[in-house]
Every structure is written in structure tokens, then in C-alpha cells.
């Protein structure tokens, strides 16, 4: 049997696909900001915080990094209601993505913090700054600059991983692809087109993150 | 009754865990083999071959693994190829693994200083000989830690095979949840089993990395 | 009362005692040069004065405030004690002017326009008015160290500590930094310098301290000490004939 590719069959569904794309973009955007924020807090706690806070973050980071995202998502969406926390598909997707990226960025940013020369901390302290002022004004930016490429890669990995949220019926790009192929029975076309959309998104995001890096860290 | 349910869930998950391990091993070994070929092609200095591998790597690194699974499972069926979930999962994970692992290894090869290439070529070695006797032995040492580290990603990646109906740990969890309505317990156990599998690998990778840094 | 009053300070790292009872007075307007072999405890002593290092016994008072006192606010103390490091330690993500204004803005809550004026004034003091917008990586070692001095001065400290500030510089860059320090000395700023520049210690210093084996072994007016060292250790150190 020969199968003829007909990408034209996707045309009537462009609206659906675009809505899915939009959901994926917004989901990624919000959870990137929240996840990196969480990572900054985690890195600060692990390097400058009290020992108990450091330990809490070690456990959090290891638990997340050593379990699949889809299981984390199912745990949040199906498991948490048993504890009385009922979330919508979008809320669960957002929470899972944030927690996931938060763990990875804690680890990445911590590595950056530890790479900042000790002399810079001493210089800040000598200028009468508190350790949190030193962290906020001297260490954080240098650390972010050092690990920006690694953090960018991780953000893109998390964006690609977000396709899994379709499995709890959050209406993202993958969900849209599933919907389209269930209607027009053009599975290969639908998935291939959507795969390319993800690829395009990854390329655009990489360029944007590099641009943001250049804006934030000039002069080097 | 509750105790009974727990043991039913636990034992069934353990049985399914075997398939997660099997799929991980196959994907890792096959992915490593394909990755090695990709590595050679990527640093071959043959223009079109390099461009081709770059495209391959870009595609598999730049699209979701889930999408790759769907393409192979649903897509190939349309062309008359009968693809079982096991085959589709193995194939997708192999291709995905090879793309990442060849890039990891390329980084290791490129971290060997230019001087090593120049010294060996001044000893009249061919490209293959340089690779075989000078570059790879050094690169291999550096590559162990990140390779072990990536094996964790492969184990976690196998969880997506559940989506196309392959019954491994995650799929078994979903089925047991549907049968017992104990989502909190089921997914906690599933997560713990993945953790038991992945954490030793992560820990080992970190240890290796530390030892290598200390040795340099 | 001396501005910096050091009484019988002892410090050890584990079993190794680095400071074995150091006593020293530094008065307002003094330019104290601390010399001695590496390992004699000079840098450690300096770092104790602004609380970067702790000591086990004795006392160090700056302007009447005990550094290691239980109720001492280290932040308050460090506003009065500036420090310049051997490795500059400029913040690489900030321009020269931003390096100078960071602490005034964060710690003293100085306003933006006032901070700008401050940067101008301090950079002019070290002769780098034209480099305000440059990042550390765009400056020579000597220029970086001068920015570091401006940064410390911007907090208007009562005393400035300089820890071998020319040791990391190429020989041809040493003088531009020393000239800046000399000008500060003439303006009457209280300085404590750990240094290997003997000529500078002799010509600019008002007080010479020779550290040996964890103690202030000999001290006095620089010219007198250089011309007639009293102890054999100092004589040997400066290579004077016996």
C-alpha cells in the first residue's frame, strides 16, 4: 500500500494548531519565569541559607531530577486531589513545569554561584554590604552570566518536554496535533508539521535567549 | 484490605519495572552504537556528511521525544508498516539517544587540545589512526561521567513509551490507578521506583566527574 | 586615643599560630607600612582589622569599636574601614563607575545623581575620569587597581587597608598605583599598607612595622629604621650591612 502525503489536509485546522502553539508558548513563558525565580531562591538557600534550607533544596532537586516529568505531572494532576488539592489541567501543567525547571535551575545556578571568585564576596563584604546584598548585587548576575548557555538549553528542554501535558488534556500544541489527526486521519502529516513547529520554536527561543543574554550581560 | 491493595500495586509495579529496565538498556546500547556512527560522521570533515548529521541531531534534539514516538508509531503505520509499541519505542528512543549522546561525545573529542592532533599528524598518522590511538583514548576517559549522567535521561525517557501503550512502569501505574483509584499511592510508588533506578546512576556520574576533575 | 588600636592579638589556623600576640597603634593620619616575609602574618593581621578573619584573643578597636565585640555591627564597622585587595576583585559585570557607586547606593542609600557625582569625584582622584564607562576587562591591571581604590574611597572610610596592592601588577604598572596612594597620603587619609615596595615604605610611610614570626617585631619611623635597624632580623630582611 502506498500512502500519499497530503499536507493540504491540515489547512482547515490551522486555527486549532495555532491555539495549541499559543498555549505552549504561554505555558513555557510563565513557567520559565517562575522556575528560574525558584532556581535563584534555591541556589541562594543552598549557598548562603541556613543548613536546613539547603537540605530541603537538595532533596527537592534530587527527587525531581531522578524521576520522569510525566510521572511528576500525573502525581500533581491525579495524586494531589487525594490530599484535597484539585487543580485544573492548565494549573497542573504550569505547576509541574515550574517545579521541574526550578529543580534544574537551582542546580545550574548554584554551580554558577560557586564559580564566582571568593575575592568578589570579600570585596563586597569589605564595602559593608550584607551577605544578601552581596548575593543580589555581585554574585547573582555574574553567576547567571556564567551559566546562561546551560540555563538556556534547560529552558528549551523543558519547553519540548511540555508536550507531555497533552496527556492530562491540557490543550497545548501536541494536544492539537492529536485532535487534528483524530479528525482527518492524517497522523504523519499532523505530527510532522507539529514536530517542525516545535523545532522552529526551539530555534526562535535559542536566538531570543542569546539576545537576552547579550542585553543582560554587556561588555564581555 | 488496604494492605492487600498495597502489595498488589507494589508487586505489579515491580514486574513492570523490568520492562522499563529492558527498554532503557536496549535504547542506551543501540543509541550509543548509532551515536558513535553519528559522531564519526559529525567530525568526518566531509562537508555533506557533516551537514546531514547536523540536521539529524538538530531534529532529534529540537523536537519533543513524544512527537518522535507519535511519528514512528502512528505515522509509519500509514505507510503500511506494522509497528508494535515495543518497536516504535525502541526505535524512537534509539534515535533520540543517539542524537544527544553523539553531541556529548563530540564535546569530549573537541576538548582534546589541538596540540594532540598536531603532534600525532606530525608523526605521520592518518585521521583514523589519530582517532584510534591518540584522541579517542583520551576522550573516552572524559566521556564516562557525562555518558553515565545521560543514561538517567534515557531511563526517564522510557516513561513516554507509556503514551503509545507500551506497558512499562508508568503505564502500569496508570492501569493500576484505574483499577484501584489510589492515585496518590500509585504515583508515589512509581516515582520512588524511578528514583531508585536513577539516583544511583546520577550519584555515580557525579562521583566520576569529581574524580576526573581531581585527577587533572 | 589611636584610630586603630591592636592589643595582643592571637590567631591560629588549627594547630598553626599565625599571630602570636600582635600589638600596634595607628593614629589618625598615619601611613603605616607593614613589611615582612611571606607567612609572617601581615595579610592576616590586615584582614582581622575589618573582620574578614576572626581572631581568638586580644582586641582590635577601630575608632573605639571592638571588631570582634559581641554587639559590634560589622556592617557599621566596615563603612569606616575600606579595603583594597591584591587581586583587585573588581566586579566584572559592572563598569568602573558602577563598581564605585554600588556600595554607596546599596549600603548608604545614596541617590542616583549624588552617586554619579561621587563616581566622578573618586575616579578623578585616581586619574581615571575617562574610564567611567569601561568594564574591568577593558582596563589594564594598574587601572583596575586604581578603580578598586576609588571604590573603597567612595564609602569615605576613616582608614584604608591596602593588601599588597601592587604585587599582582606588571612592573611597569606599579608606579601609577603608588602615585595614587602617595597622593592619598598627602591628603591625610589614614592608611595601613602591607607592601613589598621598600622605597615606597621609606619615602611615603610615617610609620614602619616589621612583622616577624607572628609579632610586630620592630616598629618606628621608616627612615630611622631603614638606616639603623635595631634587630638582626630586620637588618637581614632589608639586606642592610651588619
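A, B and C label the chains in the order they appear, each numbered from 1.
Going forward, a contact is a pair of C-beta atoms (placed from the backbone, for glycine too) under 8 Å apart; a residue touches a chain by one contact, two chains touch by 3 or more.
These numbers come from a predicted model, not from an experiment.
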Review point. Per-chain C-alpha centres versus the global one: which chain is nearest?
Key: A
Study note, to complete from the structure: Relative to chain C, largest Cα-centroid distance belongs to chain B
Review point. Once you find the CA centre of chain A and the CA centre of chain B, what distance in Å lies between them?
Key: 20
Practice item. Return the distance between the CA-based centres of chain B and chain C, expressed in whole Å. Key: 55
Revision key, fill the gap. Between the Cα centroids of chain A and chain C the separation in whole angstrom comes to 46
Review point. Can you list the residues of chain C that touch 2 or more other chains?
Key: none
Practice item. Can you check the complex and tell me which residues of chain A touch chain C? Key: 117, 119-120, 122-130, 133, 137-138, 141-142, 145, 217-220
Point to revise | chain A partner contacts - residues on chain B that touch it in the complex | key: 58-59, 62-68, 70-71, 74-80, 152, 156-157, 159-160, 162-163, 170, 173-174, 177, 182-184, 186-188, 190-191, 194-195, 198-199, 202
Review point. In the complex formed with chain A, which residues of chain C make contact?
Key: 50, 52, 75-79, 81-83, 85, 87, 89-93, 95, 102-103, 106-107, 135, 137-138, 148, 151-152, 155
Review point. Can you name the residues of chain A that touch chain B in the complex?
Key: 1-3, 62-63, 65-72, 74-75, 78-83, 160-164, 166-167, 174, 177, 181, 187-188, 191-192, 194-196, 198-199, 202-203
